[in-house]
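One chain, subunit A, appears in both complexes that follow, with subunit B as partner in the first and subunit C in the second.
So, the complex of A and B:
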């Protein structure tokens, strides 16, 4: 079966079922209508400010999460003091949906961008910390010993051995964090509504402007797909060495 | 560069000292410059632990180790190590792996490349310099690991069952390659193995370790002429006598170690 046939099938059904009257076109507008609405939103300029404010929050939060999460995870693996401090916090907060914290965070920081960015950071950091922790902890001791025997300074071994050796795990954490960050972004914009894609999506649902809701969802889906595709395209080429080894040794 | 161990012991303790394991107990050993010494003994007897202490990766609980007259406190470029697990850097190509130690030494890229290529040629890997370790077979990986260690020219070679993961034919070839290199450079070699045949084929002396805690049970000189050929070894009486003598001593300790394990339920 050719790739993408399944997706083409979904789009075809999405077009055909409402047109045939099998699904109500009011709550389930056909695909072509949604595409038309979406391009309309971009052409009239209505979409841009929402897209920009979402992207702004997301980018700030994601960069901060990377800068905090990866070093924190590596530190957890190398220093037992950091591990003993962070591990209980991580275990306790991991199962809590971060969007549930928004009302409290809003109470402290107001309903503006700051609260939303903090919520996204909370959600995004966790997979980054965990993957960096597992990656750094799984580094074969003898890899570090080999480097030390060849004259590598003990402190520099962190950058010369542990970081590159942990990279496959860290990158799969980044990939997971990409999708988690989108969910947290929409959640924060849904609860504290001012602007952004989450705002657009849930406000349009409230006023029963369903074609607008679908159009927003389409934009969000394309964004998620673009993130993942961009990540794979960016990483795939530079990390040829990472693909799974064929033997069991290694 | 000679090696001297004086009363070297290693005691492992769990937190709170609830469990203590004496891994190595009072090792006295002198290895001359340029000598090839093999360490044999049952698995878990502490022969690798002793090797890691010579490398400076772990420190003795008591006693001390001198390399070239200086006490070992940390790893150093005078001692190169080769592990059974190869421990190649998977994110570096074969060439970059072999260049690593040279660049750490401060060589410029061009010089490091030239030296690394020489060692890749010596180990018949020149066609694979752009390849990543994951694409190599076990024997090739081990050749890279050996080339990587030889390239930055440590005076002492510490080898931790380097051929243990290889198939029989590859192992034989690698042993002879190692001997050729050693005879060319006269490095001091400390070679851990569980194979008595390998120890006798390679070493000037074979050190037999007891079951845990690892002590030196016996040191057997291998006074067979070099180069040693396998054809001669097959029919030489002295070789057969040595093999059976060392094998009996090792077997005794292997049995003790198995009884110990059965009694305590602790895997090595």
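So, the complex of A and C:
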């Protein structure tokens, strides 16, 4: 069977069903129409400001989450006081939907960028902390000991031994964090509606401008897809040394 | 006996001391007016209000609505995801057909296509349950597929060699060997389902805990907002714990039983 038969089939159905009138074209426009509307929105410039404000919030929040989450996870693995404090809190809050906090954070910080960024940070840092913690905890003690015995100082051992050994776990956490961050971004934008893709998505739905909703959905889908593929490509490059040791199980 | 119980409670307290610390600080900060109680109602106030809403308002109805939607979507995801995952692992054409499709749709943030589901299915149960189904389907099918792919082929061969029928191999060999992976996927699915059901109710409203949150936010009734968040958190925590207990029972024979 050809490899991408199923994907071709999905797009063919998306195009054919509304065209044949099996699904109503106003509420379910064919694929080509959605693509046309989307490119129109980019050409007229209507889409850009929303895309930019979403990307701005996302980027700020993601960088802060990386800068905070990974060191916190490693600290949890290395220092028992940090672990004893953070571990129960993470266990207790793990199943809590972070998006549910959006209205409360807006109550505290207003409906602006600040509260949206904070919500994204809350959602994004947790998978990062957990994966960095697991990764750093799984580092073989012998590796650390021998590095220290050979006179490596502790800080260098952190960067040269622990961080590389924890990297595979951290990266799988980053991948999860990427998908969580998009959900938190869109969730916060659709609840505090000012600008951004989440805003566009639901304000167009409210006024029944379905073609605009579908165009936004296409942009979001492409974004999610691009993030994941970009990440996989980047990871493939940075983990070449690991593949050789562990086989193809990565 | 009492002493033993006390010792266990003490150990539990020390293990979770930071959680209690957070709750105590929350209570004090609000009680002593460090933060305006409107912005952060005391923990005890929230608990009292929850109790009141259960007794005198229809909080029980909203809670059960949320749970119903969550479990309806989640069960559908298990019913479709587990057989599909096993089928993909055991049957080459099924894998060739579905793997690219899952690879394409998995990275799409499903919240981004929720409007399409609303347009097609309306604002009531159906669209919310469908979103829960779609989002929790992915971790379940992927974990099942991955697990079923790594079943020791020698187990299947020896079962076949002893004349076991294919149906029985599926039930007695493949399914048990895949169970740990299925359960890992299911745990992720539960957490995702919880997030999604709450978000769907916040967006499309009407009833449920997510609606309570948005309704309270619109009326600036901050205590009720905290009731919703505390309730969904406690529910999530309880469901997750119950799941872990059930998993320990199911996997007693397996080395992974004590994980998590």
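Observations
Throughout what follows, the second predicted complex is superposed on the first by the 237 of 250 C-alpha atoms of A that agree within 3 Å, B and C clash if a C-alpha of one lies under 4 Å from a C-alpha of the other, contacts with A are read in each partner's own complex, and residues count from 1 in each chain.
Here is the rule we go by: a contact is a pair of C-beta atoms (placed from the backbone, for glycine too) under 8 Å apart; a residue touches a chain by one contact, two chains touch by 3 or more.
Quick caveat, the model's predicted, so the values are computed rather than measured.
By the touch criterion stated above, A:151 is placed in contact with subunit B alone, subunit C being left untouched. Look at A:7: by the touch rule set out above, it reaches subunit C but stays clear of subunit B.
Judged by the touch definition given at the top, the superposed model places A:85 against subunit C, while subunit B stays out of reach. In the superposed model, A:63 lies in contact with neither subunit B nor subunit C. Once chain A of one complex is fitted onto chain A of the other, the partner contacts of A:234 are absent, as it touches neither subunit B nor subunit C. Residue contacts after overlaying the shared chain place A:165 against subunit B, while subunit C stays out of touching range.
Comparing subunit B with subunit C, more residues of subunit A are touched by C. Every residue of subunit B that touches subunit A in the complex is listed here, in rising order: 52, 55, 57, 74-77, 79-81, 83, 85-87, 89-92, 100-101, 104-105, 132-134, 137-138, 141, 148-149, 152, 154, 165. Interface residues of subunit A, counted against subunit B in their complex, comprise 140, 142-143, 145-152, 161, 164-165, 167, 239-243, 245-247, 249-250.
Note for the complex: subunit A touches subunit C at residues 1, 3-7, 10, 27-28, 84-86, 88-89, 92-104, 106-108, 179, 182-183, 186-187, 190-191, 197-198, 201-202, 204-205, 210, 213-214, 216-217, 220-221, 223-225, 227-229. Residue ranges on subunit C touching subunit A, taken from their complex, read 15-19, 22, 39, 93, 96-98, 100-101, 104, 106-109, 111-113, 115-116, 118-120, 190-191, 194-195, 198-199, 202-203, 210, 213-214, 216-217, 220, 222, 225-226, 228-229, 232-233, 236-237, 239-240.
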